[in-house]
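There are structures below to look over.
Two complexes follow with subunit A in common, the first pairing it with subunit B and the second with subunit C.
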Partner chain A sequence: MRKFIDKIENFIFVIPALAFFITFSIYPLFKTFQMSFYQWDGITKNMIFVGFKNYIDAFKDPIWLKSIKNGFILSFLALIFMNSIAFLLAILVNSGIKGAKFYRVIFYIPPILSGIVVGYIWKWIYDPNFGILNGLLDILNLSHFKRPWLSDVNTALISVSIASMWQGVGGSFILFLAGLQSIPEDLFEASRVDGATFWQQFFYITIPLMSRTLMIVSILTILGAMQLLTIVIPLTNGGPGFETEVPALRIYKEAFSSYKFGYATALSVLLGIMLFIISLIQIKLRKVD
Partner chain B sequence: MKRDMHFMTKKIKFSRILIHLFLISYAITCLFPLLWMISTSLKSTSEVYTNKSLIPQSLNFENYIKAWTEGNFSIYFTNSVIYTISIVLGIVIVSTLAAYAFARLNFPFKNIIYYAFLMMMLIPIPGAFVPLYVLLVKLGIQNTRIGYILPMINSGLSVSIFILKEFFEQIPKELEESAVIDGCGKFQVYYKIMFPLALPAISTIVIFNALSAWNEYILAAVNFTDPNKMPVQQGLFIFQGQYFTRYELLMAATTITTLPIIMIYLSMQKYIVRSLTGAIKG
Partner chain C sequence: MRRLLGKILGIVLVLTIVLVLSVSYGKETVKITIWHYLNDRDKLLKTLAAQYYLKTGVRVEFQLYSGDQMGAKIRAAAQARTLPDAWTGVGLKGDLSKLAQAGNILNLTPYIKDWVSRFPENIVAQVTFTKDDGFNVEPGTYGIPLDVNNMQFLYNKDLFKKAGLDPNKPPKTWNEFIEYGKKLKAAGILPFATGFGTWAGLTMIQPYEFAYLGEEKLNAARMGKITFKDAGYVKVLNLLVEMRDAGMFAPGTATMDLPTAEQMFANGQIAMIFDGSWAIGVFKMMNPNFKNYFVFFPPKDERASYQALIPGGIGAYFVVNKDSKYIKETIEFLKWLTDVPQQAKYAKESFNLPANKNTIDPRTLGPQIAEFVKGMDRVYSYLAPYKNPRTEEILIKGMQLIILGQKTPEDVVKEMDEANK
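Take a look at the complex of A and B:
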C-alpha cells in the first residue's frame, strides 16, 4: 500500500508536463488526421465528411506540387552549398589556428536571429531600386546583371534560398565542429607518424569518423528546408505568382487565407508522412552505424 | 636540410594566412547584413535611397524614436518581454519536475510516457498551427495572452525534458539519499537539492527557449488579432506598406528587435556552444 501511494506521489511530478503534452501535442495530432477527412471553413459548425477527397485533390493541385518541388530544390541547394561551406569552415576552425573561439561566436550569430528579421534584412538587400546588391553591381560596372531579384521568376527561389542558407550555415557549422572535436587527436598523430598527407587523413580518418554527424546534419537540413516558412513571409510571401511557394506556407494560406481547414490539414498529413519517412531513414542509418 | 625546414615553416605560415583570410571573409559575410541593417537604421530618409555607403552621413537616432512611437513598439516590446519570461518560466518549472521524475522516480508507464515525449521531438508535425488554432478557439482562449503562452510552453518541453533528464542522471545518488535520511520529502529533494544542482543545464534551457520564444512568429500570427497583444515579430509588419516600405524605420525596428538576443547570445555564448557540442556527442 505504501508503495502504491509512493508511485502515485511520483506520478504527480509528470502530471503538468503530461497535461501540456496531451492538450497541445497529442490532441492537435489526432485533430489533424480527423479534420483532413472533412470539408470545413474553420469557423462554422458546418463540417462535411468527404473521405479522401482532400488527399486526392492535393495530388492534382499544381500549386501544392510546385511548393513540394520548391521544398526539394531548397533542400538540395542547402545540402550541397550550405553544408559544404559549413563543413569547410568547421575543418578550418578546428585546424588549431588562433582565434577559433572568435570565429565560432561570429558564425553562430545568423542562426539566433528571427526568420522575420532575416527576411526583412535580405528583402532590403535585394530591393530592385535601392538595394545594396544592385548598388554593388553598379559600382562594379556589372549593371547588366542587375535585376529585381525577388520578383524575377528566374532568380526569386534562388534568392530566397541564399537568404535562408546565410542563416543556416552556422547551425550546420556548429554540429560539424562538435563532430570534428570528438575525433581523438591521437588518430591524426599516429597517421602523421606513418607519413599520411593532409588529404589522406581527410579521406581515411575525418570522413569515415564523421559519417554519423554528416548524416544527422543532412537530415536536419532536409527537415529544415522542407518546413521553411517564417523567412519566406517577409521576403516574397510565395510570389511572384507561386514561384517561391513552400509546403508550410501553402498549409498556412489554405487554412487562414482560403479557410479550407480540411484541405490544409490533409496537406499537413502528407508533408508529415514525407518527413516521417526521412526521420525513419535517419534512425535506420544510425543503427547501421 | 635547414633551408627545407625554413621553407616548410614559411609554407605553413602562408597557409595559416590563407585560412584566416577565408575565415575572416566568411565572418564579414555573417556580419555585413547586420551592419547594413544598423547603417540603414541611422540614415535619413533621403540618404537611404542615395547613399550606398555603410557609414551614414549623420546619425539619425530619431529613426529609433519614430519606430518606437509611430510603430507602437513599446507595446510590442513589452508584450514580447512578458511572453518570453512567462514561457521560459513555465518550461523550466514543468520540465524540471518531469525530468527529475523520469531520471530518478518510479511510476506506472514511465518508459512509455518518456518515449512519447521523445517521439514528439523527433517527428515534426508540419502545420501544427492549424489544429492548434482550432483548439484555442474551442477553449475560448484564442486572441488571449494565455492562449499564446500555453502552447508555446508545450513546444519547448520535449527538448528541455530530454536535456535535463540526461543531466539529472549524472548527479550522484548519494546526495539525495543523505537528504532523505535527514527527513526530506520528494518535493524538498527536488527543489532544495536537484534544482540547484541542475542550474548549468537549466541555464542552457533558459537561453534556447528564450531565443525561440522571442523569435516566434507563426503561432502569434495565428493566435493574435488584437494589435495590443502582439509580440515584436508581428509588430515588424506594420512598417511594410503595400507599395512602399520606409526602410530606415523598418531597419530601426529590426535592430530594436535583434539587439536583446544578440546581447543575451554574446554574454551567454559559453553555455550555448557547450550544449550544442553535447547534443552531437550524445
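Take a look at the complex of A and C:
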C-alpha cells in the first residue's frame, strides 16, 4: 500500500511537466496530423474531410518536390563544406592557439543572430548594384565575375547556401570543440611516445572518438538545412522562379498565401516523417560502425 | 464599548474598500488596440492617437507590424481568437470574405450609415459585399477607408535630361517607352526597376492585362472559365520580353522587392519605377532632397484594343473585430480619424491621398500627388479572384524567369493554365 502511495506521490510531481508536454507538444502534433486530412482555408469553420488527397497531391506537386530537392542540396553542401570548416576551426582553437577564447566567442555570434537579420546582411552583400561582393570584385579587377547573385538561376541557391552556412558554422564549431575537448589528452601523449604523426593521431584517435559528435552534428545540420526559412525570405523569397524554394517556405506559402491549411499541414507531416527517417538511418549506421 | 468601536471601525473599513473599488472601477479607461503595417505613418498615427486621448480620454494604441507578414499574422490571430480591436485590412474582398464568414470582422453598415458618404462610393464599394456578388457574406460594408491610391510610373527628370531626353515629356506610347529605355541604357543609366520579387511586379503588367484582354476576358480567365492562352495573355507577358531585350531592367530586378527599388529610385540609381502614390512619402523619408521626379500613366500600347486601367482605389483601411469589447469606441475613433481636420493632417504629413473626399483640395496638392489624383478616374473597379490562388504565384515566378530569359511567355501561360484548372 505504501509503495502504491509513493508511486501516486511521485506521479503527482510529474503531472505539471506532463501537462505542459501534452498541451504544447502532443496535442499540436495530433491536431496537425488530424488537419492534414482536411481541406481547410485556415479561417472559416468549413473543414471538409478529404482523406489522403492532400498526401497524394503532395507527391504530384512539382513545386513541393523541387523544394525537397533544394533542401537536400542545401543539406549536402552544409554537411560537406560547413562542417569541414567548423571541424577545422575547432581543431585550430583546440590546439591552443593564441586568443582561442576570443575566437570561440566570435564564431558563435552568427548563430545567435536572427535568421531575418542574417538574410538582410547577406542581401546587402550580394546586392548587384551596390553590394560589397560585386564592389570587391571590381577592386580586384575581377569585374567579369560580377553578377546579380540572388537573381541568377545559376548562383541563387549557392548564394543562399553560403549565407546559411555562415550562420550555421558557429553551432557546429561549438559542438566539435566540446567533442575535441572531451578526448583524454593522455591518448595523444601515449601516441606521441609511440612516434605517431599528426595525421595518424587525427585518423586513429580524433576521428573515431569524435564519431558520436559527428553523428549529432550531421543530424542537426540536415534538420537545420531542411527547415531553412527565415534566411530565404529576405534573400530571395524562393525565387527567381522556384530556384531557391525550400520545404518550410513552401509550407508557409501554402498555409498563408494560398489558404490551403490542410495541404500545408500534410506537407509538414511529410517533412517531419522524412527528417525522422533520415535521423533513424544515421543513428542505425553509427551502430553498424 | 470596545466591541461597538470595533464594529464601527469594521464598517468604516468595509465602506472604504467598497468606495475605493467603485471609484477605480468607474475610472476604467478604454484602451483600443489597432494593428497596422503603415511603416512610414506609424509616428503620425501615434500622434493622432495622443491627440484623441487628450480630447476624449480614450487610449488608442497603434502597433506596427511588417506589411509582408501582416496577412499571416491576421490569419493566425483569427484562428487563436486574439485579434485586436481593429486593424488595417490586408487584401480586398477575397481576404475580407473569409474573415467575415468566420465571424471575425464586424459588418459596419449600421454604425457608419450617417457618415459613410464622406468617402467616394467606388472606394466604399471595394470593401462592401452585396447579395449576389458570389462571396457568400452578409451584405454590408466591412471596412473604413483611411486613404486612396493608385499605381503609375515615376521617372527621374535629372536622369532623363542626362540621357538627352526631354524631362517634361515622359513616354506616351509603349514604343516610346522602350526607346527611352534604350537611350537611358546607352547613356549608362539603369532604366527601370520595381518589386518583381513580390506582388508589386504583378501590378506593373495589370494595366496591360486590361488593355490587351479587356475586363470581361481577363476576369473570365482568372476565374478559370477560359484559358489564359485563349484569352491572349501571351501578348501581355511579351511586354516583359521587349523590356528585357531593350536592356531596361536593372541588375537584380527579377527578385527585387519594392523597398529596394524605391531606395534605388530615391538615390537616383534608376531612371524609372512603377510604384504607388504612397511612394511620394517613402521617397521623402528615404531621401528628403530628392524632388525632381514626376509621374506618368502607363504608356499606351497601340497593339492593344482596350483602355488600360491601373491598380488602385482604396489604400489603407480599417476593419473592426466583431468580438471587440470596445466596438462603439473603436468606431467613434475611426470616425474622428477620417474626419476632415485629421485627414488634412494625414495627407499633409504622409503625402497620401486622403479617403475623405471633402479633404482633397487640388490647390494645396504637390505636383506629383496632383498627377496621381488625376489617375483615380482610371482605376479598375473589379478584378476577379483566381480560381486557384496558386496561379498568382506561378505568374510572379514566371515573370521573374521571363526577365532572366529562362522561360518564354508561352511556357508561363501554359503553367498558369495548368495551375488554374
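By our rule, the second predicted complex is superposed on the first by the 260 of 289 C-alpha atoms of A that agree within 3 Å, B and C clash if a C-alpha of one lies under 4 Å from a C-alpha of the other, contacts with A are read in each partner's own complex, and residues count from 1 in each chain.
Methods note: a contact is a pair of C-beta atoms (placed from the backbone, for glycine too) under 8 Å apart; a residue touches a chain by one contact, two chains touch by 3 or more.
The model shown is predicted, which means the values in this text are computed figures rather than measured ones.
After superposition onto subunit A, the modelled positions of subunit B and subunit C overlap sterically. Of the two partner chains placed around the shared chain by superposition, subunit B is the only one that A:27 touches, whereas subunit C remains out of contact. In the superposition on chain A, no contact is made by A:68 with either subunit B or subunit C.
By the touch criterion defined above, A:246 lies against neither subunit B nor subunit C after alignment on the C-alpha atoms of chain A.
Contacts of A:92 after superposition on the shared chain: subunit B is touched, whereas subunit C is not. By the touch criterion defined above, A:165 reaches neither subunit B nor subunit C.
When the two structures are aligned on the shared chain, A:35 is found in touch with subunit B, with no touch to subunit C. After overlaying the two complexes on the shared chain, residue contacts for A:210 are found with neither subunit B nor subunit C. Touch criterion met: A:256 reaches subunit B and subunit C at once.
Comparing subunit B with subunit C, the partner in contact with more residues of subunit A is B.
Shared-chain residue A:228: touches no atom of subunit B or subunit C.
When the two complexes are laid over each other on chain A, subunit A has residues 42, 127, 129-130, 252, 255-256 in contact with both subunit B and subunit C.
Within the complex, the subunit C residues that touch subunit A are 71-72, 75, 78-79, 98-99, 101-102, 104, 190, 197-198, 250-257, 260, 264, 269, 388-390, 393, 397-398, 400-401, 403-404, 406-407. Interface residues of subunit B facing subunit A in the complex, by the touch rule stated above, are 16, 19-20, 22-23, 26-27, 29-31, 33-34, 36-37, 40, 48-49, 52, 93-95, 97-98, 100-102, 105-108, 113, 116-117, 120, 122-135, 150-151, 153-155, 157, 161, 186, 190, 211, 214-218, 222, 233, 236-237, 240, 247, 250-251, 254, 257-258, 261-262, 265-266, 269, 272-273, 276-277, 279-281.
In the complex of the two chains, the subunit A residues touching subunit B come out as 6-11, 13-14, 16-18, 20-21, 23-25, 27-29, 31-32, 35, 42, 85, 89, 92-93, 95, 97, 99, 103-110, 112-118, 120-122, 124-125, 127, 129-130, 132, 135-136, 139, 166, 170, 174-175, 177-179, 181-182, 213, 216, 223, 226-227, 229-230, 233-234, 247-248, 251-252, 255-256, 261, 264-265, 267-268, 271-272, 275-276, 279, 283.
Residue ranges on subunit A touching subunit C, taken from their complex, read 41-46, 127-130, 147-148, 150-153, 156, 236-242, 252-253, 255-259.
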